[in-house]
Structures are given as C-alpha cells and as structure tokens.
Amino acid sequence: MSPATGRIPPDVASLADYERHALQRLDAARVAWLQGGAADGLTVQANQRAWQGLPLQPRVLRPLAHGHTRIERPGLRLPHPIMLAPVAYLRLVHPDGELATAMAAAAQGAGLVLSTQASVPMERVAELVLGEAERGPLWFQLYAMAQREHTLQLVQRAEAAGFEALVLTVDAPVQGARDAERRAGFRLPADVRAVNLQGLALPGMAAADAAAPGLAAGLCGGLLAHAPTWSDIAWLKAHTRLPLWLKGITHPLDAQQAQALGVDGLIVSNHGGRVLDTMPATAALLPAVRQAVGPEWPVLVDGGIRRGTDVLKALALGADAVLVGRPHVHALAVAGALGVAHAIRLLRDEFEIALALTGCATPAEVSSAVLSSAVLTSAERGG
Amino acid sequence: MSPATGRIPPDVASLADYERHALQRLDAARVAWLQGGAADGLTVQANQRAWQGLPLQPRVLRPLAHGHTRIERPGLRLPHPIMLAPVAYLRLVHPDGELATAMAAAAQGAGLVLSTQASVPMERVAELVLGEAERGPLWFQLYAMAQREHTLQLVQRAEAAGFEALVLTVDAPVQGARDAERRAGFRLPADVRAVNLQGLALPGMAAADAAAPGLAAGLCGGLLAHAPTWSDIAWLKAHTRLPLWLKGITHPLDAQQAQALGVDGLIVSNHGGRVLDTMPATAALLPAVRQAVGPEWPVLVDGGIRRGTDVLKALALGADAVLVGRPHVHALAVAGALGVAHAIRLLRDEFEIALALTGCATPAEVSSAVLSSAVLTSAERGG
Amino acid sequence: MSPATGRIPPDVASLADYERHALQRLDAARVAWLQGGAADGLTVQANQRAWQGLPLQPRVLRPLAHGHTRIERPGLRLPHPIMLAPVAYLRLVHPDGELATAMAAAAQGAGLVLSTQASVPMERVAELVLGEAERGPLWFQLYAMAQREHTLQLVQRAEAAGFEALVLTVDAPVQGARDAERRAGFRLPADVRAVNLQGLALPGMAAADAAAPGLAAGLCGGLLAHAPTWSDIAWLKAHTRLPLWLKGITHPLDAQQAQALGVDGLIVSNHGGRVLDTMPATAALLPAVRQAVGPEWPVLVDGGIRRGTDVLKALALGADAVLVGRPHVHALAVAGALGVAHAIRLLRDEFEIALALTGCATPAEVSSAVLSSAVLTSAERGG
Amino acid sequence: MSPATGRIPPDVASLADYERHALQRLDAARVAWLQGGAADGLTVQANQRAWQGLPLQPRVLRPLAHGHTRIERPGLRLPHPIMLAPVAYLRLVHPDGELATAMAAAAQGAGLVLSTQASVPMERVAELVLGEAERGPLWFQLYAMAQREHTLQLVQRAEAAGFEALVLTVDAPVQGARDAERRAGFRLPADVRAVNLQGLALPGMAAADAAAPGLAAGLCGGLLAHAPTWSDIAWLKAHTRLPLWLKGITHPLDAQQAQALGVDGLIVSNHGGRVLDTMPATAALLPAVRQAVGPEWPVLVDGGIRRGTDVLKALALGADAVLVGRPHVHALAVAGALGVAHAIRLLRDEFEIALALTGCATPAEVSSAVLSSAVLTSAERGG
C-alpha cells in the first residue's frame, strides 16, 4: 500500500502546504517530472507571480445575500469556476491514480479534463464520474496523433465512454526538452503506462522516454514535417459530435482562427511552463485573447493558479473559469482522493471569500473593477 | 509573573528591535497569530515596503523655531499624529494586556483605539486613561454584530465608560483565513477571552477559533447572508451620540458614501494585511481616498508604519494621523507598559527629526513637497 | 593526461550543466580567469538576464514542413546561426585546446573565430577545419598591434593559412582590469602561450600578466597614446584581401562609421562583460545598431547566449547569427572535443524547437513578432 | 602598534576589497559607527546602486592621445576629480588617523576636506599637506556652532593654518539617530576626541555620544530652536576670506538660494545615508541641482562612489568632481597611509580606463552622451 493513505496532515491550510508535503514524499525523479518546467523554469515562476502581482481592490458594505459561485454561460455550466487540468500518469504518485482524482473532482463539483496519457482506462474514469449528482463536466484531452486514424480511434472511444467534450492540446507539436527530467534520469516505471494509447503513436513521443543527453538528430526534422496544422482542426471538428476545445492558444490571431473554424472554446495555457521557456505568464496573455474573441465565447485559463484570489483575478481578466494542474497532483500524492477533494475545497473557499471581500455576490459580478489601479511605489517591487 | 518585566533591552533603538526581541520571546503559535497575514502575506510585506519606497526630499537652513507636533483639525486634536490601532487579546503577550498599553499610550500622548476583542473590561481601560492630562483620544473599535441589539449593547457600554468615538471595522465581513495561524494550530488559551463580548456573537466568529483544516461549508453561505451593509451604518449613526469612524475603507467611492452618510472620519486600512492578500499597500490606496473626500474631512491610515519617516510620508499623502498595530504589541511583549511607552517615544522622536530635516516646523507644513520627485534609476530597484 | 577524457557526464542537459561541471573541475585561478568580468561583473549578469527577460509569443498549428536552420545572406552562409566566439588560451582548460574546439565546431557546422591569443598555431587549426564538408566558416580574430608591421605579419599568416575573414576586436584599447583574476593571482602557466604572437607586441599586453595590485602608472598614459583609431581600420582594410569584421561595436554612430569605411560586418559585443562594467546587455544594444546599418548588412551578436531561445531572440532583434564564448570553454573543460560538439548540438536543438514553437519554419521567418508584447505585471519582475 | 602596519594585502584589487578587509579588522562597535546609516540604511544602499545602475555607452577607435584627468574650472583646479570627504575621528581605525590620510591624499593629488571632528590638530594636517608639490586642495569642514563666536574661532584657526576653503555641512541640524551605533553601544574611546572642538559646542552634539535608548525629550525641542538658517550663511560669508562651500544641498531651490548668497560651490550629499533614511541616492539628486545652478558654478557630489565608472557617471550627470568617504577609512584601517594612497590610485586608474573606453580623452569631454539610452528589459532588473 502507498504511504498516501488518505490522511490529511494537520498543518495543511492551503495548496502550498500540499506542495510542500508532496515534495517530501516523492523521489527526486518524480519531483523533477512533476515540478520541472522547460529549460530554466522561468515561465513556471512567472505564472504564479503574475497572479500574485495583480492587486485587488476591496469594496465594503455591499449586499451579498443570495450569492453563489455558479458559472452559467452558453457552452459552460459549472458549480464553481475551478476545473482540474489534464496531467499524465497520475499513478506515478498514487496507486489509485486518475480514479482517485476523478472521484474527488466529482464530489467537489470540479470539472475534470482527463489526460490522454492517463494511467488508467478512460472508461473506468467515466463510470466513476458520470453518476455523481453534483459533478462538474468530464472532458477528454488528446494530441493529434501521427496518423489521423489513430486520432479517430481515441475520439470515438471517448465519445462512447461518455466524455462531454474534447480538448485538443495544440501548444506542444514537440515534446518539450525538460532539462530537470533529463538531469534526474526520469523514466516511467514498468507498471505506469499511457494505457489509452496502446498501439497508437504520438508525434515525437519517443523523446519523452529518452534519457540520453541531447535529442536525436532526426527528431527535429521529423517533427517539423508531422506537426498538426489548422487543417487538422477542421478535419477533427468534422469527425466528432462532441464540443471541441483547443488548449494552448495564446496569440489573439490564433484565437480568432479557432473561433472562425467553429471550435467551441479555448484554454489559454503555456502548458504550465513545460514547453517553451520565457513565454509570458498566462495572466499576461489572457486579456488580449479575450479581447480578440469577444465577451461571449468560452475562454478558460490555466497556469500558476494557487489561491482563491488567483481564481478571482482570472475571472477579472476575462476567463470564464480556471484549471489547476500540479496542485491536484500534490494533493493526490499526499492524501489520495481525500486530499484532492480537500484541495479543491480549500481553493473554492478562498475564492468565495475573495468574491465577498471585493463586494461581488456571484462570479457574474466580477469585472476588472476588482483589480486595483492604485499605483504601487517602486520599492514595493524591489527587495 | 511574565518574563516581560518591564526592562527595556539595551540594544533597542527602533521598533524593529522590539519586533526582533518579541519574536524570540513568544511561542510559535502566538508568533503566527501576531505576525501572520492573509494567505501568502504579500500585503503585509507591501505595507512596509511602500512607505520605505517613498523617497524624501530634505530642505536645509529653514526656520524651525517654535515647531511642534500637534494635530489640530475639526474633529481631531492630537498631541502628535501617532495612535495605537486596535489589536485583539493583548493578554496573549503580557499579563497586564490592554491595561499596560493604555497606560503607556496615555503617558505618551498617543490616541488609543481599544479592540472590541480586548482581553480586559473596557471600563477598566477607560478609568486608567481618562484621568491623564497629556493623553490622546480614547476610542472603541467594534464590528457589526450578527444581531443589532448586540451591537447596541456594546455601543451603550462604550458611551457609558467614556469612550470618545466609535470605530466600526468594515473590511472584514468574514474572518480572514490566516494560514499561518491554522498551520501553527493557534488557539486562545483558556484565560484569555474577548471579555467585552460575553454573550454576544460576531458573524463568522467561530471560524477564528477553528483549527480544523478548511472552512466549514456553511460558513461562506452564512456569511454572505449576514454581512453588514450601508444601511447598518445609517442605523448605527442614528443610535449613538459618539462620533463614528469607519475602519477599512480603501475605495474612493466607499469613502464618499461614508461621507454622505454623515460618518465622522475614516481609517484607510487593509487590516494589516490580515484579511485579503494582494491588496495594495495602504500607502498606495491613501491618495485616492483623500482626493475623494476633500482636504478637510478626517482621514487616518494604518499598515506598515514602522519609522518616523513613515509617519511623515503618511501626512504627505493626505493622512491626518497614523495608527500602528503590531509594533505596540511587540513592545508590550518585550517590556510591558514601559516598552510600549518607549516605542511610542522612539517613533515620535523619529517623526520630529524627519519633520525638521524636511524643513517643516509643524505637521501642518507637511505636504507632498517633502516627497522627492528625483527619478531613481532602474538598478536602484533591482538586486 | 587530462581528467577531461571526453566522457559526457550523464546529467548534462543544457549549457548550464557544462558550466556547473567545469567550475568543479577547474582550479580557482582558472575559474577567475574564465568566469570573471570587469569590476563587479554587473554586465556579465546583465547579458544573460537580458535574453531571459525577453518574452516569446508562440504560434500554433502553422505549417512547419521543409523547415531548416540555414543562414543564407550575402557575406554570411551558415548551416545554423551559432558560431564560436574567440577565447584566448584554450589549453588552459584542456590539453588539446583550440584543436579540440575546432574539430567539434567543424563537425557540428558551427563557425569558428580563432583567438589571436590561441595556444596552438593557427595553421594547425586551419588544417583540421578546412577539409570538413559540413563545417561553418573559419575566421581569425586579432587586435591592432602596437606596430602596423606586426599587424600585417599576423594578417598575412592568417590569409596564407586559409582563414576566411578577419575579426578585429576594437572594444579593448586597454586590457580590462579584471579584479577577479587579480584577486585570485591568475598567471599563465609556462606551457600555455599565445604562440601566434611570438615576437609581436599588443598594446598594454603586459598588464594581462601583471598580478601586482594596481596598474602601473605608465600604462594609462601609454595606452591613450597608442590605441588604434578609425584610420587604422582604413589601413587594414586596404592591406588584406579578406573580409574584415569589427568586434565590439555598440554605438549606432560607430556602426555607421564602420559601414562607411567598407567594413564587411560587425559583431555587437561587450566582450562578455570583461572590459567595461555597467555596459548594457548586448540584447539592449543590438536593436539600435541594426537600425543604424539597415536590414542587409551583416550583424552578429554575442554575450550571454545560453539557450536556443536566446538564439531565436537575437535573430528577432536583428542579428544574423550569434557567437557563444564561455560555454564552449566549459564544454571543452568537461569533455574535450566531444563535449564541445555536444554543447553545440544541444544549443542547436533548442533553437530548432524554439523556432517551431513560435511558428517559424526557417530563420528567415523570424521577426520581432516572435517576441510577446504581453504586459507583465510588476510582481513578475519583483522578488 | 596597530595591526594596520601599512602592508597592502595581496588580494586587494578594488575599493570593495579594502572594505572587506576593514570589516574583518575592526571591532563590531567601530563597524557599526563606520558602516551604519540612518534608520534602516536604505539610502546607504541606494547610493551605491544608483551609480551601478546607470549604463555606460562605449565609443571605439577615437583619438585618445594627449589625454589627461585634470579638472580646470574657475574655483576648482584638481589633478583628477577624486577628493576625500570629511570623516570624523579617523584615529578610531588607525593610530596615525588624519595624518596618514592627509599624506596619502597629498601624494596622490587628491583634494582633502578635513572633518571638524578630526582627531588630530588641524594645524598638523595643514603642515603635512601644504608643502606637497602634486597635492590637491586642502579644505576644512565645519558645522554651525551653537554660538557664532565659536564658529568664528574655528574659521579663523582654519584660515591661519592655511586651509584653502571652508565646507559648511548643512544637512544635519540634528545628529542622525543611527540605530546601528546605538545597538552596538558605540562610544568614543578616551584617547580619540574632536581635538579641534575643545571648548566649543555643536548643536545636539551630546546625542552622538549617548548610547541610551531613545533620544532625550529635550533634544528635539532644543534642536528646532538652534538649527542654523540662511542668515547664518550670509553671516559666515561676511566673516571669512576663504571660499565657502555648502555640503548637503539636494533641493534645486536650496542650491539657487546658496548661489544667490554668494556661496562659492556646493556638494550634493545625503551625508552618506547617515542622516535621513529613504532620501534618494545622490546620483538621482544631482541632475536637478546642476540644472538649477547652471553649467558654470562648481558642484561636487558624494555618496556611494566606489568605482572609476562611478566617477565618470558623476561627471556625466553634472558634477565637477566627487568625494569618497567610507572607502578611504577602509583603506586607512587596513594599511595606513599606504593603503589610502593605493585606494586613491585604484580609483583613479579605473576612472582613466572608463574615460578611454567611452571615447573621452579628458574629463572636459565627458557629457551625458557616455550614458547609454539602451532600454534594458524588465528581467535585467529582476532577480
């Protein structure tokens, strides 16, 4: 049995506490895999700091009765604006893996985006989640496969299992060269695999398992030739009855292109800083994307969300909801399903408090007015 | 007897020295309670850094004879512009608690705002203070109770005891979720209680004593329904003969609303960074509030004041006076009443020196001209 | 035999890893010589941080087939935009010295600029490189000698050996006073010498070997009298059939002067921060130089390039290619020729990935559009 | 005999090295006295960082023959633009005290401003200096005494001894409350005194020797009444035949007032950060002062000068020369007169190199054009 027996340590008061405990429990290679970002990890840091750096402006004595946290938009109905981002191979940190995470998400009303590299069968996840009364939506994440028929097999399996939308990750035509993993010699153990991709092949996938220093010469050439393009989006849209979201859009023109092709929504993401280092924080990228697609089209954001105040700020900058990635893995590693449920609850409670303190009774009342325009002096930013 | 026997350590030269000594003497849970801010403590840091970051511009060789430190405005007469902010449960750090603090404040001419959660009866504080010749004003801080009759009981008791104004804290409709306290497992000891609130109930007050991880689900819902609104201010104003100040106003529109309702003055405050993290520093919030209410209406400020130069800068940005919170608790913990008196004296002396060095003979001569417009180069702000 | 036996440590995933290993293997004096910058090393730090601080803007789903990394401009044809900058005395870190570096560069298609202070004969380097099929260009770096006939001897020898361009370093009329070297008491060992300068004299060259504290009084006076001027450039241009590049140009007017004199290209450089401390990073200096000389004239840049993203950003700011200095010495110290080849390969692979992720199939597609205009919040820049 | 026997440690390559050695040799109380600034020492840090943060722009290949470092202006002729600032009680760090410093200054052509609180008789200093052929000017610093006849006694003694100008310090009507000294319990030893002030009294002087926590209540009141005003300047100007400089002017209007009263020059200074903390760096204050008094009137600057590049930048911002304070005390503590001479030489050599590398043959060629306008990216300033 795993040491993660489902007990919540008594000193856990925030997501950062789960991270601290998780880093103590996981071995160095798993830590490198989970925490590492591309190259020097600058974008990983930027993501969190960007939310922290946005100042909030409270309002006092406003009527808050009849408040709630629901998101109710065409194409997106959520009990609260917190969803779980896709993370591969969750059995690396807990024997129950994605099953524990899915149970916790359903119990806490959090939407779940299952990774295409999940370490349990997608059908088992769907069975667990779909019967829950208070659950959030259940979506399936995928990459464009090297061969379209492989993509189609995945899509049809997800449709049959009951997934409610597809999330195509488009920001990683190549596997990011994550130095931390390579330094730590990270390799998947024999009993943890991307079970839903058996017999299929991702472009450049081999690189993920390669611990050899340097990338093989052929990889880059091959990659340039096989990366998906906008025509693959149109094709995929035509071959599924599910709503299609794109994950990893950050340029306003790319957002408009997606909208024009009938995509159903998008996720502003820099892949948690794991793909291209020195990308801006998603908080810095979000406003221009929202501006480009208009106020009605669904836009989510992930990257660096660690506090309820971060969730509030994401809404203030134009997101309809947020996804959290590494934090749910930290909680899973520490206390299994109970930990994940608790982590979601902590974040949601913090969000409710932030909502109330900025004078908003519901998410629909959140606007850029909750952000302060008070000019901070230079020294506040210094050391 | 407490180890805080009233001896001032020989190496105390500033408020920071009292803080250093206090942190050595208090146990970890009390330190978490006293020092902790909301969430990641970013606003706590911002408060101090903001004052430090405002550059001062000296003037030389100006006539300084006949200078003084008095504040003389309609509705606010003070021997000097330093008051003590309300802090709960002072018997946590010294057996004499608020009695020691009140004696010291009265002896040093510092106004005192007694916390509604004081750990000694408010009447005993009033008795000690009101007879002192050189004292500053004596005010009583309170929250809107869950039931108006409870609020009224408190108000009438304060009036009867001789308090000279009411300070209603409006920035905390919920108890802030202070992670540091929760991590440290802080609980009030049996012999320290909010003796003036016996039989009364604050909204959300239970949460303050809850060490369990996470907030109870019912708290947030309940809170949204019971938080006070502007109509409670009008009601309170109509039910007391005392001047009414609001503490925790930071938005210019809220300030104007308060002014329109006949409130007598306000305190720009972010509750020492203890309620909503990532709020701007009060130094950044103060100018817009002063601008909104005009030059004549009384405006105080607290948050991060640690130096006489900070006091001077607060006046330069539009405050009539300042309140200090944690510093008087540090001094109380270290040396009891003598420590508090000494701390006030240190701050006042520093203020006088700063006044003289910027060429001002009195507080009334302080304006934004004491702040330098010299452009600092980028590297001064870097590391 | 040296401990640098050509084995690549298994945990090397980036140039920073080579640096880490090299610092462990070299003695303190060699570390001071290699790593040290002028004075307080502020420009050394600024160089790296400047590239890191430029944010990249990805594009997705664009056609990347038929991509390549070639640079094809009049006067500059390269397999990829990475060249090796001249560094003196490479036998200080590996017995094979410049011969190992030259073999690695030729094998990996990296252009090589041999230092005039190379510790092996220039002819042996040329023999090794010129026969390689996939090699980049081979250039010879020199300083203006105290006597023109000495300069001419060097030039004619380089021409005879087959070097394809001359690179005159103009930013160091004096030897920088590198405090770190002086503190560490760095001296050249007896068996490492500038073998190509036997019998010639550089202006101020003696200072480089002087470990005495302080510079000799006569140095500065002498230096001011003997430093080269623009007339020496015209003279040199008239006395060689090779293309002439100037290295160390940072002012737009100096760039235009060089262009007007018929110089063939220039290298924006602050000498790796080794000459004048508090110069801006080369990333900050490059755009104005490119602006001054127009889009067609060859401009290279060095200083702080450590990542493929840095190479991409240099191109985005107007460079045709980059040079790396210290990194190839780190790799040489750790693993000889194999290390240098591997380091070049790592950097090139990173560059290809960055190219693809920003939606560019070739270097010619890179423009300032790959740099993000997303406004980062103040806190991202803070600590 | 003192351990400072006049040997220069072999690893001294810059003023920072003297500082490092001095901090190791002096006891904690002397370190607190020498290094300490007012309050939190923010201005002490700002001074050095401001110079470092100004970026330099090199020029190449310009004619540098016949260069020199002389300053030749009406009212100010110097061999080079480096002078020694007044520092009190130099016998605290070396038995020869001001005599050693004066010999070194004279030998290295550095102007000397002797402190009124010197620990040796002013006449002995004058005797040592005035006979040196290559010396810089010899000035005497003083404060306005509590009684004008005391001031006059000092002035007449300085005139008689041969001092060539008076420097009246005007930025310290009170002794700064230097917390570090008070914490360390600094007291003057019995054998180190302000021998030139025997029988005279400075306003507030007692405070400098008071180690008691807190300032005496009477100090501030007394100070306000006795601080000098502009009428004292006019009086002093009328009672001496020597040129009169004011030290500690930072406001443009104060500078113009001084000019209008016939003062002969001024020193932009924040007293090394020792008087009013959070004043801007002198580098930030200098340009507005120069602007206010026009290009011809003599203006010096001190505060944070540690490098030859700092000297160059001060000239670029409008200063005619600079003064260094703590650095000459560090060198004195480490190696006596020889150390001070060496420190001056190091700084002068660095200045000459900086002059040459920015393409200037003489100080008169220095202008704001040596400062770079290259825009640094945000990350260069971050951590």
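Every chain is named by a letter (A, B, C and D) in the order it is written, and numbering of its residues begins at 1.
Criterion: contacts are C-beta pairs under 8 Å (C-beta built on N, C-alpha and C of every residue); 3 or more make two chains touch, one makes a residue touch a chain.
As the structure is a prediction and not an experimental result, all values here were calculated from the model.
Colleague: Would you kindly state whether over half or under half of the residue numbers at the chain B/chain D interface are used by both copies, giving same or different?
Modeller: different
Colleague: Given that chain C is a copy of chain D, what angle of rotation, in degrees and a multiple of 5, matches their CA positions?
Modeller: Rotating chain C by 90 degrees superposes it on chain D.
Colleague: Taking each chain's centre as the mean of its CA atoms, how far is chain A from chain B in angstrom?
Modeller: 41
Colleague: Averaging only over C-alpha atoms, locate the centres of chain A and chain D and give their separation in whole Å.
Modeller: Using C-alpha averages as centres, the distance is 58 Å.
Colleague: Please set out, as single numbers or ranges, the residues of chain A touching at least two other chains.
Modeller: Counting only residues that touch two or more other chains, chain A contributes 52-54, 376, 380-383.
Colleague: Which stretch or stretches of chain B touch chain A in the complex?
Modeller: Residues of chain B touching chain A: 39-40, 42, 46, 49-50, 52-54, 170-171, 173-174, 176-177, 179-180, 182-185, 213-215, 219-220, 223-225, 227-230, 232-233, 246, 248-251, 253-254, 257, 270, 275-281, 283-285, 288, 376, 380-383.
Colleague: Within their complex, state which residues of chain D touch chain C.
Modeller: Its residues touching chain C are 8, 10-14, 16-17, 52-67, 307, 309, 342, 345-346, 349-350, 352-354, 356-358, 361, 372, 374-383.
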